[in-house]
Every structure is written in C-alpha cells, then in structure tokens.
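The letters A, B, C, D, E and F name the chains in turn, as written, and every chain counts its residues from 1.
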Amino acid sequence: MSHLRKSLKFLPLLMLASPAVSAQAETVADLAARLEASDAQNAYIFNTLLFLIGGFLVMWMAAGFAMLEAGLVRTKNVSMQCLKNISLYAVAGVMFWLVGYQLMYGITEGGFIGKLAIMQFSEANAADGYSAASDWFFQMVFCATTASIVSGALAERIKFWPFLLFTALLTGLIYPIVGSWEWGTGWLDAKGFSDFAGSTLVHSTGGWAALAGAIILGARAGKYGANGQINPIPGSSMPLATLGVFILWLGWFGFNGASQLAMGTISDVADVSTIFVNTNMAACAGVVVAVLYTQLRYKKIDLTMALNGALAGLVAITAEPLTPSVPVALLVGGLGSLLAMLAVPLLDKFKIDDVVGAIPVHLVAGIFGTLAVAFTNPDVKFMPQLIGVASIGTFVFIVSAIIWFALKKTIGIRVSAEQEHVGLDQGELGVAAYPEFVS
Amino acid sequence: MSHLRKSLKFLPLLMLASPAVSAQAETVADLAARLEASDAQNAYIFNTLLFLIGGFLVMWMAAGFAMLEAGLVRTKNVSMQCLKNISLYAVAGVMFWLVGYQLMYGITEGGFIGKLAIMQFSEANAADGYSAASDWFFQMVFCATTASIVSGALAERIKFWPFLLFTALLTGLIYPIVGSWEWGTGWLDAKGFSDFAGSTLVHSTGGWAALAGAIILGARAGKYGANGQINPIPGSSMPLATLGVFILWLGWFGFNGASQLAMGTISDVADVSTIFVNTNMAACAGVVVAVLYTQLRYKKIDLTMALNGALAGLVAITAEPLTPSVPVALLVGGLGSLLAMLAVPLLDKFKIDDVVGAIPVHLVAGIFGTLAVAFTNPDVKFMPQLIGVASIGTFVFIVSAIIWFALKKTIGIRVSAEQEHVGLDQGELGVAAYPEFVS
Amino acid sequence: MSHLRKSLKFLPLLMLASPAVSAQAETVADLAARLEASDAQNAYIFNTLLFLIGGFLVMWMAAGFAMLEAGLVRTKNVSMQCLKNISLYAVAGVMFWLVGYQLMYGITEGGFIGKLAIMQFSEANAADGYSAASDWFFQMVFCATTASIVSGALAERIKFWPFLLFTALLTGLIYPIVGSWEWGTGWLDAKGFSDFAGSTLVHSTGGWAALAGAIILGARAGKYGANGQINPIPGSSMPLATLGVFILWLGWFGFNGASQLAMGTISDVADVSTIFVNTNMAACAGVVVAVLYTQLRYKKIDLTMALNGALAGLVAITAEPLTPSVPVALLVGGLGSLLAMLAVPLLDKFKIDDVVGAIPVHLVAGIFGTLAVAFTNPDVKFMPQLIGVASIGTFVFIVSAIIWFALKKTIGIRVSAEQEHVGLDQGELGVAAYPEFVS
Amino acid sequence: MKKIEAIIKPFKLDEVKEALQALGITGMTVLEAKGFGRQKGHTEMYRGAEYVVDFLPKLKIELVIPSDQVEAIIEAIKTVAGTGKIGDGKIFVVDVEQAVRIRTGETGASAL
Amino acid sequence: MKKIEAIIKPFKLDEVKEALQALGITGMTVLEAKGFGRQKGHTEMYRGAEYVVDFLPKLKIELVIPSDQVEAIIEAIKTVAGTGKIGDGKIFVVDVEQAVRIRTGETGASAL
Amino acid sequence: MKKIEAIIKPFKLDEVKEALQALGITGMTVLEAKGFGRQKGHTEMYRGAEYVVDFLPKLKIELVIPSDQVEAIIEAIKTVAGTGKIGDGKIFVVDVEQAVRIRTGETGASAL
C-alpha cells in the first residue's frame, strides 16, 4: 500500500516461506520439499523477470520504429507517422488482449486455429514456471512489432483510420493465427518448423502484410516516372532514423534473448547470453556488409542502407540466434543484409513503393533467415522451413490482400492526391511536425 | 579491483556461503539454517535488483520529459528547456540525499514530518530484505520526476535560477513531506489512504506545484488575446515530443512495476507482471480515447493530445496498477485521458498557460486515478482517498504558492518581455537550439 | 523451438534439478549437495544477468555517443557522424571477437601481452560462476565505447575509411593490450593499479587515441584564426546532444554497476547499488559545477558545457564508484567536471580541435578520476595509479600517433578542403542529414 | 505597379498582415531573412568561447500593388511594424513592369 | 535585362526548371517563401485549440534574363506552373540595370 | 538609390560582410537560397538510387545604397566573393524608388 511499509513485510514473508524453522522435528523430507519449493520459486522469478525485461525492451522497439519511420518520411508526413506508430501500439495491446492471445495459444496441439476468447489471467501458480501476465506482456509486444513493420512501408499515402483498422485485424487475427501454427504448437510446429524468435512469424508476417498493402495502395505520387525512372524521395531526418535503428538494435536483445523463454537454469541463462552475442554479431555483420556493398556498388556509402543492413542482419538471425557459432552468425547476418541490399532496387523495378525498406528488411531477410535455420541448427530440416515460410507467406499475403482490397473498395485506403501533395500532417491530422516555421 | 580477477572470487565466495560442506556432521538444523540464509539472500538480491532496474527506468524518464518538453516549446526556448531538465535532475539528486530521504522516511508512524538529516547509508544487511542504496536510488528518481513535471508547465518564460531554487525546495522539502505522510507511514497512511506508485504523491504534487507557478508566473506573452481568444503556440518538434512520450511510457514500467518494492516471491513477481500489463493497457486506452475524442470533437486528430492521452492514462493507473482487471485498467486509463482532454481547454478558459499539458496530465488524471482506487481496490475506501487528495493538494499548492510568490517579490521569476520575445536561449543561456542557421 | 512449448519444459527441468525427490532414502549429504548446487546455479544466473543487463545498457551508450556527436557537428556532417558511430560499433564487435578478447584476457598473470586468438566460447559450466558469452558481451561493449570517444573528437574532417581502419586497430589491439595489463591481470594489476570500471582503461585510452588523432589530423578549417582567435563552430542540434547525454548517463549505470562483475551475493548486489548511487551523484555534481562555473565565469550558462560536465563527472567516478561515500562521490564528480571546463579553452589555446569535448571529458576527467582513487579507496596507493596513468597514456598515445601518422602518409586521413567545405555528407557519403530541403 | 519590400521584426508579421488586409491587400509573400544593421547582435556561448551573432532574424515581406497605393501601405507598415527600437526595419519601393496571375493569365493590376 | 520573379507552388519546381532549361535558361535562384493570398489557408489543431495557418508554403524563383526573352519565359512558366487551382502564384517583371558574374567580372547579358 | 542583389557561396558571407563594412555599409539583408546554374550539382544516394541535386545552397545578399556607391560595392563583392571556381555567383543591380526607415520614418538615402 505504500513505498516503505511494504518493505517491512519482507521478514514476515520469509518466515512464512520457512514455516518449520522454529519447529524441532524438521525431517530431511521436509527440508527436501522446502528446497524444491525454493528452487521452483527462484526459477519462476527468473523466468518471469526474463519476460519482463525482454518485454520492456521489445516495447521500446515501438519507439525505434517510430523514430526510424519519422526520419525516413518527408517533413510533411512526420507528425502522422508519429501518430500512426503510437496508435498502432495501443491498438495492438487492446486487440491482443481481446482476441489475439487466446487465438494464438488456445489452440490444440497440431491444430489450425485457437479459440476466440478474451485473455483471462489466472492466479499466480508456482507450477506454471512463470507469471502468465509477464508472458502475455512479452507476447503482446511481439504482436505490436508486426504492426510497426506495416506502418513504415505504407507511409505518406495511407489514410489513418483504414490503417488502424487493418492494424486491428493484423494484431487481433492474422498474426495470432500464424503464431498459433508454430508457437501455439499448431500444425506447423508439428511439421518440425522452427522459428526461434520470429523471423517468419513476426517479421515476414509484417512484411507480407506490408507487401500486399504496398501493391494495392500503389506508389507515392512521383516515385516512379512515366518512362520507368525511379525518383528517390529522401526522408526528413537521418539522425532520427539512426536513433531509431539504435533503439531497435537495443530492443532486439529482448526480442531474441527473452525468446529463450526461461533463465532459471544455468543452461537457459547461458543460452540467453549466447543469443545476445549472436544477435549482436549478426547486426554487426549487417552493417559491415551494407557499408562495403554500397561503397563498392555505388561508389558512395548509403546511410539508410547501412541502417537497413543492421536491421536485416537482426531479422535474419532471429529465426535461430542460439545454435550458430559466431562465424555462422556473422554469415547469416551478412547475407541477410546483402539480400536486403539487392531487394531494395528490385522492389523499385516492380514499382512497389516501400518508404522505409520494411519489405527488404523484414520479409526478404526474414525468409532467408528462416530457411537458413536448416543449415545452422542440426535439429531442423529444410522442408519444414520451406513449408512454414510458404504457408505463412501465402496465408498472410492473401488474407492481407483481401482486407486491403475490401478496405479500398469500401472506405478507401488512400488519401486524395491533394492531401498526399500537401502532406498527411495537414490533410488528415492538422499539426505539422515542425509547426512553428514563420508563423 | 579488475574485470576478470573479480570473477575468480566466485568460487571461494560460494564456499564461504556454505561453510559446512566439507564437515562430516552437518545436521538437519544446520541445513535448514543454510537454506533459510540462501532464501533470504535470493530475496534480497531480487528485491534490490527490482529497485535497480526500476530505478534506471525511472531515471530514463528524465530524458523523456526533456524530449517531450523540448518538442513542445518553441525553437527559441529549446536549449533552455534541455538545460532545465538536466539541471533539475541533478539538483533533485543532491537535495534528496541532503534532506529529502530522511524527511520522507525518518518519520514516526502516523506522524506529520520526518527528520532533517543527511542520508547515511548503512552496511548491507540481509535482514533488511534489500539494499538501502538501491531503495534510495529508486526513491530519488521518483523525487526527480516530480520536479520534471513543473519544468514543462512553466516553460518559455520562467527564469532559470529561480526555477532551480524552487526545484531544490520542491525536491528537498515539499515532495518529501507529502511523501512522508503516506509512503513514510505518516498520518495519511494511518488514515487508510492508498497511492500505490504516486498518482498523487508524485504526479499531483508536481501538478499542484506547477499550477501554483503557472498562476503566479502568468501566461506567455501572446497566448491569450485581449478579447478572450486563445492563441495556440505550436512547439518546435513533434517527433521529439513523440520520442519523449515513448521514453516516459517505457520508464513507467519501472515507475509502477518496481513500486511493488519486492520480487523475491512468486506472488510479488507475479504482481509486478500484472502491474506491467495494467500500466500498459491504461496507456493504450489513453491513446485510443484521445485519438477518438479529438477526431470526433475537433474533426481532426491532435497528435499532442494523443501523446498527452497516453501519459494521462499512465498517471491515472499509477495510484493502483495492481488490483484492477484489464478491462478496469482500460477504463481507468481511458477516463484519465478523457479528463485530461477536457482539462486542456478549461485551463485555457482560466488563462492558465501550461505549455506541455502538465496540469491536465499529472494533476487532473492524478486526482482522478487516486479517487478511482476506492472503486478498483476493495481494501480502499473513498473518504481516505479524498482526504489524501485534498490535504496533499492544499499543502502543496499553498506552500508552492508562497515560495513562488516570495521568489517573485525578491529575485523575480519571470524573464523580461524582451528576453521572452527573443527567447530564453538567447536571453538567458546564449546558445540557440539549432545555432547553425545561416551564420 | 517455439514460444509456448518451451515453457512446458520448466517442470521437467525442475525435476531434473532435484533427482532424488521421489527416492526414499535421501540423506543430509545429498541435500547439502543439492542446496549447494542450487546456490551455485542462482549465483551463476545472477552474475550472468548482471552482465546481460549491464551489457545492453552499455551497448545503448553507442546510441548516446551517436546522438551527442550528431548534435555537436554541423548539419553538413551529421549523416556521416551517424554512419561513423554505427560502423564503429559494428567493427568493434567483430574485432573484439577476432582478436581483442583473447589478447585482453589470454594473458598470464603479471604479463605484458595476451595471445592472438579468436574468441572461442566454452560450454556453460556452473563452476565458471557466470556465462562466458555474457562476459564477452559485456567486455565487447566496453571496447566499443573506447572507439566512440575517438569519433567525436575527430569529426567533420576525417575520412571514413581511415577512421574505420584506426577503429579496427584500436578495438582489436590497442584497447585489448592496455586492458590486459590491468583487467587481464597483467603487470599493472600486479603493481597494484586499480581502475574499477575504466576511467583510464576505457575513457583515457579513447581520449589519448583521440588526442593523437586530433594533433596529426589538424583543426577544422576556420576553427582557429590567423592571429590566434578561436572561432566557435556551433553544432547542429542541442536537443539531440542533450538526448545523447541522457542516454550516456543511463548507460553508465550498466557501465559502472555491472563492473562489479557479480551480484549473486548480498554484498555484491549491495555494492552494485552503492555504485549506482555514486555514479549518479558524481554526474549530478558534474552538472551543478558546470552550470555554476559557466554562469560565474562567462556570465551565461553554456549548455554544451553542462552536458560535458555530466559526462566528466561520470568519467571521473568510473575509476572507483564503490568505495567513496556520497559526499566524496560528489567531490570527485564535481572536480572532474571543473577540470573538463578548464581543459576546453586550454585545448583551444594549443589549437587542438576537439569537436565534442572528448578529450576534456574522457581524457582529463579520466586521468583525474584514476589518480583520485588513491584518496577514495584506502587499499589503493598513489604511485601505482600514477604508473598506470602514465604507462597507458604513453603506450596509447605513441601507438595511436604511429598509426595515425602511417595512415596519413599512405591513404591519407583528411578529406580535401573542398569536401570539408561542402561537408562530409555530400563529399564522402552522398546523403544529407535533412536531405529534403527545397528539392 | 510597385513592389513594396518591407524588412520587419518577425513577431510583427501578424499585425502587419492585418493592417494590410484592412487596406484591401489580398496577397503578399513572406521570406525568412537575417538582417545586419545598426541593431547590435548578441553574443552566444559555445564550448567556452563567445562569439557575436550579428545577423538577426527578420522577415522580408514583398507585395506588388498598384502605384497609387504606395503611400497608404508605407504608412500602414510604418505604424504597426514600428516599436521605436532600433532594428525595426526598412521599407523599399521598386518599380514593377508587369504582373501575371499564373492561374488565369490575367496581367497588370488585375493580376494582383 | 529583366528579372522574372515567379511565386509558384513548391511541387512545381522541377517542371518549371525543365521548361526553363528547354528555353535555354542556364541559371536561376530559388527561395523558400510563405504566401498569403486568395487561396484560403487551413486550420491546424494544437492542444485542443484550432488556428488558421494562412501563410502557405511557396517557392520564389528569380531569374535575370535579356529583355527579349521575357514573353517566352512568362509563357513557359504559366503553362507548367498552372494547375488551374487557386494559389498557383504570380509572375512579376522588374527591370535590372546591371548584372555581373562574380567569377569572371563579365557584365550585362553575357554575365547571365 | 539602387539595390544590389548578390548571390554568393554561403561560406563567403563573413568576408563579404567585412568588405562591405569597410566601405561604410551599415545594413544588409541576407536570404538563404538554392541556386541552379553552370556549376554542376552532385549526385546523392538514397536507398540504392542515385539522384542529382542541382540546386546548390547559396546566399542572397540584398543591400540598398545610394546610387554613387554601386561601382565600389560591386568591386568589393567581386573581390572577396570570387574563388575563381564556377558557381561563385552573380551581382544584380535594380533601381529603388524609395526607402523608409520604419523606426523613424526617415526616407531616401538617410533611411539606409
């Protein structure tokens, strides 16, 4: 009830935990039971703590996406991008509680779909091994990440409310359903598919949804010229974009590290540590490859590609950050980055306008990373990985496309040419990013 | 003494902890005692760790306030706002050590005031249940938060040194005194008042101090027209303001979560997890309500209100983030946000100029959240809550008003009209926020 | 393999940990062994967790340096500064794995140099007391910090690739070698030198390398006038610089706190807490002194000096954040800040152009902090401190100077006057920080 | 037609705009500028060194008007933009030979 | 020589530049501006209060040309900068007495 | 009176200011501009695609002066703003009919 008084409860609590201390006739069996309870309690606390720390780190990634995207859209759309990012995180939280979690984890083993139910938190129970609320929190921030990916790709032209509606369906239905197939122990998991922290489940899911949206929404006005030329549309602020990537990098330690889901044993916490190292190394390789590649290929280094390279490295290692040795992690991260570098101009060739590079980074590197697991984790085979990538890709892309299309035909998803031209901050929102200029 | 050698101490230390290992005749009682010591040690470490993690997260909120406020003041006052925020955090740290902590926690149960003494840290002691230094650190960052609230409301016109002087008194005296009444187990606590993490003790206290200051200081030049019209004065950077709110949201997990004050048992760490969930959901609801409300009420979404909405949701749930179920947490956060939305124009009606919305967010939502505890926590009654809100409000407002008034009459609290006009960065500080422009 | 299934492993795992539960004839000795194993496991987890948390906090400092430096260089060099910061972190990670760690910790006690070998991670082993990967991660981010210091001092004129080459040598060779002397238990440690978290090993090392570079590279065009006048070259963004310092301040809790290297005992975690308090107080004093000093000395407060003051306070306390009492920590931080204030104009007098104040903050305050240990830690003598400061200074300065000189004479280290004039973003990189302006 | 170029203190923009609107002016163009003049600059502090900033923020207002309105407009600007303090700014008058409204192609006074 | 001052909508810059290049123009100077005119502004929301922003972003293009090119240039700008919607902007023509190329010291038409 | 409009490279501002001060000039107004001219732009990289930036940062200096100072001022600007490299900029001279000091109402040369 209060800050200090609470602390006075410690001693009595400890007493409670060892009721037989003063009793004379404690037996070995009593003691063994107490020791066991003590071990179980510690494991419970460690596991829960891992979820909480991992959870707040991944929550922080929402800020990373917000800054990255604010930096890569034009000034006239910056406020709107900020609004979208904070709103999608809010909506994801509500939806994942309302339907998402039960849809994802209320599935029967090997099943295809969970149950439509609101999340109910059970009482804390030592036998669970961790707090259900901490687990929910950790799973929820993953769900929000998926939505963040979409917002960047479709920036600068999508209407706010349809975007938020799609976000609600993505976080309430699409993501939980594909999540249930694997992490919910559904059919894909039964097939032997493996996606440690979500290269496919989170990143490619976001990427496919973004791809469907980008195609149906169309490119920003002026992005592609009449005779096939590509007009770069530089963003508003490179330092904000850089800040965003540093935030994401930091958050990824929670994303991958806490996906170990336990740290109550020496082996688990050592695994978390290995994951930290591999996650970091993959991102390092992603940066190095992007810097070298753009220097050699374009004769100039492209900062936004270096930033994307870091993220692509992170996405690629996410499917399996535990089993690779460091050189393998470097290779996975470096190749993920390289593929993203190659995908950026490719998308442009198909006139798919992805403002921040969400598709190269999250979809392309995500697919690569997931397939690569077959080579980095001896327990994983290639076919299940391919099936996982393909089935999730097909499902997410088709369902997303249907939703985007339905939204387009009903309420419309694209702002008017006039609004796009003056910018969404003025057209839809009513506050400029830097509203002060002159008067 | 050094990074690696230290680690070599581990084994001997463990040996020390189990002195009887090699002895033959260890008895059940010896073992029971060892187990008990081991349990006590783990609880101590977990509790301390909670303070440290919570503490650094709340410290990070200082950066959140700095960015939020830097984003919401005009360019000509941005450097000064940065300076105020880093300075107030520094002063709060010094003052809370010099007098604050002992004033707050050196009180007798049911008492009215603690003792005027410098904080002395005792030796680490297993019986304490946590490290005194970790507790002090955690309490100190709360104190600093209180001061951060004030700086935003009075921005763009208050002089630096009087502001810092007030900060010293707020963090050294006012906050510790009201803190002592409740968290120090003083008279309010005895009355049954409950404020889990400080909707009233921290946020309303900051809010009342800001309100007194805003009234005595007066509005910024040009904010209110001669014939009652209100002239919005847009801030310098929406992305910085958004970043600030994300930082605050992240920090709030430490603010509320670590206010559980313990995580050495399953029940405690599960409570911390529940608090994470409720804290997050209240903020989500705050955003959703603000977005919907401004869309419906003004036909355009107001980003700064959405940001304020998140914060108001967080402030409202802070008084009781543990007992509510998720729907109740959503309700508390949503209503807190709605009240803040309504308070913004109301303040303007009374010509009280609050640059960043500190009063609607921290005072209004703080009062609401505190009163709401009577409905969300079965152990809490309405009257004590009302008494708490009223007594703390009266005390903080009057004492703050006296100090502001005394400062005004002596050294003056407001910069000259000329300085206000050219901006505090040039008038008082001498470095522009973006000093490079032209030459 | 999946998010939920994993959690089901908890119970079996716990069973495993207590194999004799169901056996009838468990003896006291069995139980004692189990208790011991349980204690060892908890200590292992706590220690590893400290490395992981400390590690991600220090990793976050890379973002702090990036923002601080982006804010203090001119707009025309901001993108390049972002690129340098993310690249150096990537290179540091690779180099510290490739050679750094083994060079630093593969040394014989009292030795002069470790072994040239790639880092190999051993299997998790309870006897280690912590996970080797977590330790490596924590050591690696320290190494990266050293490199971050250099990038700020040499900003706005150094070529990208030579800078990165130097970074590789600094993080792969120079830092690990001096690190081995002390933290690797080499000859300096044997001499009784003490540097708790790296005032000298990290900060001065970075500072000396920066100083050698700044001298050999020369000042930015226009910084020093023909007849000795000093032309301030204001940076691009004070709020970004402020954000950077807040990030660094936050990260420093990991930097100093986790340098305790253990928190598996009451005494260790209490020490970590004390370190948090002292670290914070030193920074507070640094701010207060800088604000007062610049107010009194220059009649105006200098925000960038207040920011440097916070950092100088942090650097100064880093050599010994554990033994001082709070007043002593305030004194150390305050004096460190004052010395940095005095060093800024001194450097200008010698026409050594340090863009962000890296030398005053990291070198000057680092030397002071290291020498001060002789007065704040009764176990430490002055002479070993002096020897440590002098030997590391001499070594780092000379080796750095040789490398800088060799780079200068071969591939060149400075961009052309034309490139410097138009800015590195255009000259070397090809993307402006705010590329949108007009068209 | 004449072009009035007025350099004013930035915070006077709204008042000037209103005064001009009161005279029936329907269009003007505003540019951010830095002015150097008798109004002395101020010193700034950066990393322990002072420097003088002697280019101060100003706004430049340009409006093209029929020649017969010149006097009234100068008068109006003088009245509202003046604070009596040094640095209030200047008004310059330049001859304009032609004006065209892009949208309609109208020329001359009817293009204004 | 004449100076053409064209106030246009910002997104028209590239087209205008190309049209002018097609006419053989080799130089011009562009300034960011805020325009007030018949084109009505928009309302913004800030902290629960609306306010009208009636200065809209414009670009001001200045180019000095030999007098005989005035008509062609006006025509070109009118064609590409016009959207037919209010706010398209204006073109003003001012006489220029002298032009000097700093680099070479050339004067008159050859300095352009 | 004449108005000198000089388009220069931004880093030359301080030198130009000093040269003008040396000639007794007490006031000028500076505007940020982007220049298109013979000086070729540079290519930038953004997300794997190159694009040419052919508007380069320039400053436009405007100063109104008594007619008899025109030559001296052109000379001074030419001397200090020239680097001999393409893109150094231009000086244009325009006639000014009237000048008013807002603060005092002075007109003509005494308003400068």
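What to note about this one:
Just so we're on the same page, a residue touches a chain if its C-beta (ideal position, glycine included) is under 8 Å from a C-beta of that chain, and two chains touch if they have at least 3 such contacts.
Every value quoted in this text rests on a predicted model; they were computed, and no experiment measured them.
With steps allowed only between chains in touch, the distance from chain D over to chain E comes to 1. By number of C-beta pairs in contact, B-E leads when B-E and B-D are compared. Chain A and chain B touch with mostly distinct residues; of the residue numbers seen at this interface, under half occur in both copies. The centroid of the Cα atoms in chain D and the matching centroid in chain F are 18 Å apart. Separating the CA-averaged centres of chain B and chain C is a span of 29 Å. Once the centre of each chain is set as its mean CA position, chain C and chain F turn out to be 47 Å apart.
Mean C-alpha position of chain C lies 52 Å from that of chain E. Residues of chain C found to touch two or more other chains are 28, 31, 35, 38, 42, 49, 53, 234, 237, 243, 298, 300-302, 304, 429-432, 435, 438-439.
For chain E, the set of residues touching two or more other chains reads 30-32, 34, 43-46, 50, 55, 94-95. Residues of chain A that touch chain B in their complex: 1-7, 9-11, 13-14, 17-18, 20-21, 26-28, 31, 34-35, 38, 41-42, 44-45, 48-49, 51-53, 55-56, 59-60, 62-63, 66-67, 70-71, 78-79, 82-83, 85-87, 89-91, 93-94, 97, 119, 121, 124, 126, 131-134, 136-137, 140, 160, 237, 240, 243, 428-436.
The residues of chain E lying in touch with chain D in their complex are 2, 6-8, 31-38, 55, 58, 60, 70, 74, 77-78, 81-95. Here chain A touches chain F in the complex through residues 230-234, 294, 298, 300-302, 304-305, 308, 341, 344-345, 348, 357, going by the rule given at the top. Note for the complex: chain A touches chain C at residues 28-29, 31-32, 35-36, 38-40, 42-43, 46-47, 49, 53, 57, 74-75, 105, 127-130, 135, 139, 179, 182-185, 189, 194-196, 234-239, 242-243, 245-247, 249-250, 253, 257, 259-267, 269-274, 276-277, 280-281, 283-288, 291, 298, 300-304, 306-307, 310, 325-326, 330, 379.
Residues 11, 34, 42-46, 53, 55 of chain F are the ones touching chain C in the complex.
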